[in-house]
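Below you will find the structure I want to go over with you.
Chain IDs A, B, C and D follow the sequence of writing; residue 1 opens each chain.
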């Protein structure tokens, strides 16, 4: 795509326009079910940020999306489209849960956490390895294999939970609740200290783990030799070959890092909130991650912002469902879809017009910052 | 397993593969034209809802079918607009439309019918139901052959027959008509089609419309033939299995049919094996059978059993000017 | 304490034509009779269970009813946080001073359903389609079997479970397939305990001109004329009582188990199925009811020892 | 304008008249205000450097691209050609530089595509078969109509393209670099067909880099440079030198004053090297050569005769199928060594295609300045890169090589071609390598920069480096090399000293080896040939980009 947009337009203006359109269409849907879209919007925003509880939940959901967003982004930097974060996160959950089940009863959380992190990440990485390997060595399209692996992961976890991990006499396919050592501290105290008055919130320490991962990913991609290799692979495989960057190795490792990040997502729901492993810990976060990465332009800072947006949708949407009889929880899913559609798939819909506009300004020399991208 | 039980499983295999077959053929048209479509799931779901709602409101199965197809085609056109005109990412577009369908169906269903996203139960005359021709009874008396014919061939719903007729029809369209020639070409090398004086855009839009229509029939089948109304998330991943089948069949019509029958059979078997003890093996984990289609497909993709090479131009928007 | 009560439904949603819907109608009944409004919420994910309960508690709603065993963990958590708020949990036990746990003796109701099935069956073969394969559902199956055998000791009972995960509660297509396979192998009466999946079971039975038995709430009207009866679980009563008790200030906590005796379970009779039910059927059912109530007949409870003795 | 001269000679209507055609791709102005007139039943040649805009102009005439401005006349009538169908209807046919064939179609299917006749194939098939037979007979263009296209050698694939055009009954036939993929005999066959077509009254536009062909077959020749037509003349009235000069826009004569070489020990030694390309066609055949410290060995040859594959193999980008390479006396094990580790061993490589290999256009300048050296201790410690070190290093190079604009954070795509080349040269030359492989050092670079680059190369030699130089610009080879090897058809067909004349080298480049020099000398003109050669088949590496 010939990109004659100045950076600020590319990173801020365009996504903003796309979002706006997405929300307008969502508004129309709200009208279709006979509610007042402005009231809905207000309920959503207030529900997400209006109260300490709301903020807690918003950040809790955002944590998931930061992890999956990073996961997708790392792969994209290597020119890979990993839509398997969903499955990788689920399998990562197994790693986290096992760590907590085994150790939770014997040692405190701060000793369990590192183990859980290692196991979650490595389980996720393992699930990312195979598609990576198949892409790099056998040339199987990573998009298709990762779709398949999502379903294989679901079946696998289903089997494990039903036939192995479910304690006897328990109804649902879930593990037993972990002992205290498998519980990450909630951030309730911190939030209250910061002046929010919340009795309890699912927001937990893994939020900070996510932020740390953002920093690490930034370092990896822009400050390490391997990250340099990843970006070269992603931007010009032929140049990578010329530079002696081994394609297969780079692709496989990138997919493992991507899977590992997805796997870490499981910390948040499993060790941070539910304190047990259930089948629906991921809830589409893997797919939302695609949109988060796209909107965040694959940069950690952008990803955090996009993740907050989707966290707001989840939490605010739930609140909206509380207070609007005819609007059910499914509204969230619709808005999500529309945002992914307009900010993701249709992100270039307005680019030509914008480009022409800026090119014109550039030609007239009105916008000097356009020079950089000319 | 005795003869009769086998027949019954095969019979239900037919019923269960029908939606897969329709969806997979839909995907075939789209992907052969170079438009990847992981939105089969969403299209089917939307169509199922439209069909269910349509049939219950108008009281006519055919109206339901019409609406189902219409809605699914609209979804197809959105996907087309995103991938052909806006040159967006086809995978992302598919993901997005799946989300929209999953949410909107239940949301609207709840708002309109207040039955937890379900559409009202349909009476038999508002549905596509198989009716056994009266000679089926006599046929049964003929040993083996008779019962095979009457069980497997006769008494299915109209849509089942449509699905299976679509297979030879698709083959014929693809390999015996001008449209088919161009469709195959545009999926491999759009520039060749362009320089041959044919509009890539129009051709690809035709493809996504056909894809939408077939998904529409698939969804309709789910909602008002296989069951008596729409039910939230009633596709339950069938769209992805269809996709797997399409790849497993290397984008060829007749193999697609066999792939779908295989996957349908696995499903039929899984249903009956749920929690059941088998004589020798003991208790087979059903989840394993459920995962089998995907595992098989990956093995194929890995090139261990043949090679699955997608259409060359698949997934890439046609851009002349970098 | 005249505060508005609240209900948190399980994932099936409040119009699942099954026990969430039963709870809903109970709440509606309460609203009509007392004029007091109530609030409700359908959860979509694990986080929201606790979130909803807590949200209602913080808003001062009281009592708060949680439908379904999946809510157990959440109720435990939140009930601790709000000792002054009364909670009701259906189908599970939470042992806290401010929680009323309501259990149902599904095996007894299923036993009655079994009797009717056996008597209605001409082929001597009847079917059972369960939702998610969990002890609770096997409890239904076992009681049902007992009822059937009590009438026709040599009758054959086909038993299938839909799945092993929550999706098994909402898969009519699979339900239909299972019913079809049972019908094709001779069953002419099929009892479902499968939530939304049952819709497919009843549909298929109707399509094939066979009989189905509904569950939880009165489903006789779902396929009028081909639903023999419904094994009703009076969740509506449980909710209604809980709400009224709380209003009149006589809300006792602890565990209650409602069976035939307490009229907590039973078989539904209405215009939709009166032509299907014969006098002798009624007679047999009433007799069994009496025996069970008097304790003379003890229906085996699968969950007592995870075995079925029939 | 020389066009006017041409115009006077146009009887009746010209077949084609283009006026004021301009076309930009983003920031690149591919065609700038072009006027071109093509006489009926003539063969009109168009020459020009890579990127001069030839293909773009023809694609506009064929309706593949739309001109930003300008008008087109066919047979004196002004027409608009919004899509290829319009061009086809006007009797215009085009054989594209990059074939427009469907790889998994049969020849027949490819030819029918777009001209099927009826909605059902069966009828059209039969007709097409018959028609094809006729054309094949008339022009001796045999191809098996049922063969799968991807199984055909490129030469035959091009035949299919020509058949496509003839099948549609083209009166005006455009061929974009048709001979790039043809053997000399195949090429001659093609030219006979073109002459035949002209006799039938058809008009042919022939794009090529090979001036020998221009002189041999065209009636008129137009020269393009930097998106403009700089000259159009009757072929008879012009000369190769004249054309060549106009093409490159400078006297193709270069002086580099250099001291006599003081060759040291052998640094690079290649023995019996054989390399096959992705289509398994051998591109390099048993090549052996030595490069000593302090000497420049130049490899001359018409593009596409294996030079690129030779260099890329030595650099470790391709795997040799047989033969050995020794550097500093050590045999290089290519299964173990990749280009990066070879650099550590002291081998630097300036690739001939800077956009495909030498640079990542989306990177900042300072990032490209370490491409291939990104593992070196100088640019960070342990697994980490030091941004400050990278930028510091980049600034030095910018300073030394006078790269403009002097901004190490600017996106590389936004540097001009010449400056992009300087970025690559600076990177490869300044790391004190023992062996330096250089491909096309001055392609698309302005004269000032060429001077500078040549001086640097000689300085490197005097500093005792062993330099292997590949260039399709013979004058460059002659100006720089101490020894000249000539490559033809994958083999080294001769060696000469720096004093060798254009004439003798030209003979060698045309494949006339010393043994058979009695053979009539092909006009020694093929030398001033600027093709990059067909890029190896894997130009676009697959790999989905979001």
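We take it that a contact is a pair of C-beta atoms (placed from the backbone, for glycine too) under 8 Å apart; a residue touches a chain by one contact, two chains touch by 3 or more.
Computed from a predicted structure; not experimentally measured.
**Q** Of the other chains, whose C-alpha centre is the longest way from the centre of chain C?
**A** When every chain centre is compared against chain C, the largest gap points to D.
**Q** Pick the pair with more C-beta contacts: B-D or A-C?
**A** B-D
**Q** Would you kindly tell me how far, in whole Å, the mean C-alpha position of chain D lies from that of chain B?
**A** 48
**Q** What's the distance between the Cα centroids of chain A and chain C, rounded to whole Å?
**A** Result: the chain centres lie 39 Å from each other.
**Q** Using the average of all C-alpha atoms in each chain as its centre, how far is it in Å between chain A and chain D?
**A** One centre to the other, that is 45 Å.
**Q** How far is the middle of chain B from the middle of chain C, if each middle is the mean of its Cα atoms, in Å?
**A** 35
**Q** Pull out every residue in chain C that's touching 2 or more other chains.
**A** Only 42, 164 qualify.
**Q** So which bits of chain D are touching at least two other chains?
**A** 25-26, 544, 546
**Q** Specify, in ascending order, the residues of chain B that touch 2 or more different other chains.
**A** Touching at least two other chains: 89, 92, 117, 287, 315, 321-322.
**Q** For each chain, which other chains does it touch, given as pairs?
**A** Per the contact definition above, the touching pairs are A-B, A-C, A-D, B-C, B-D.
**Q** What residues on chain D touch chain B, complex-wise?
**A** Residues 25-26, 62, 64-65, 83-88, 94, 96, 100-105, 109-110, 112-116, 118-122, 124, 164, 544, 546 of chain D touch chain B in their complex.
**Q** Can you name the residues of chain C that touch chain B in the complex?
**A** For this pair, the touching residues of chain C are 12-17, 42, 133, 160-164, 167, 170-174, 176-178, 180-181, 184-185, 196, 199-200, 203, 206-207, 222-223.
**Q** Provide the residue numbers of chain B that touch chain D in the complex, in ascending order.
**A** Result: residues 89, 92, 176-182, 184-185, 188-189, 191-199, 312, 315-316, 320-322 of chain B touch chain D.
**Q** Which of the residues in chain B end up touching chain A in this complex?
**A** Result: residues 36, 38, 78, 81-83, 86-93, 95-104, 106-108, 110-111, 117, 237, 240, 243-244, 247, 285, 287-288, 290-291, 294-295, 297-298, 301-303, 308, 310, 315, 319, 321-322 of chain B touch chain A.
**Q** Which bits of chain A are touching chain C when the two form their complex?
**A** 53, 57, 60, 158, 162, 169, 171-173, 177, 199-200, 202, 269, 273-274, 276, 278-281, 283, 318, 321-322, 328-330
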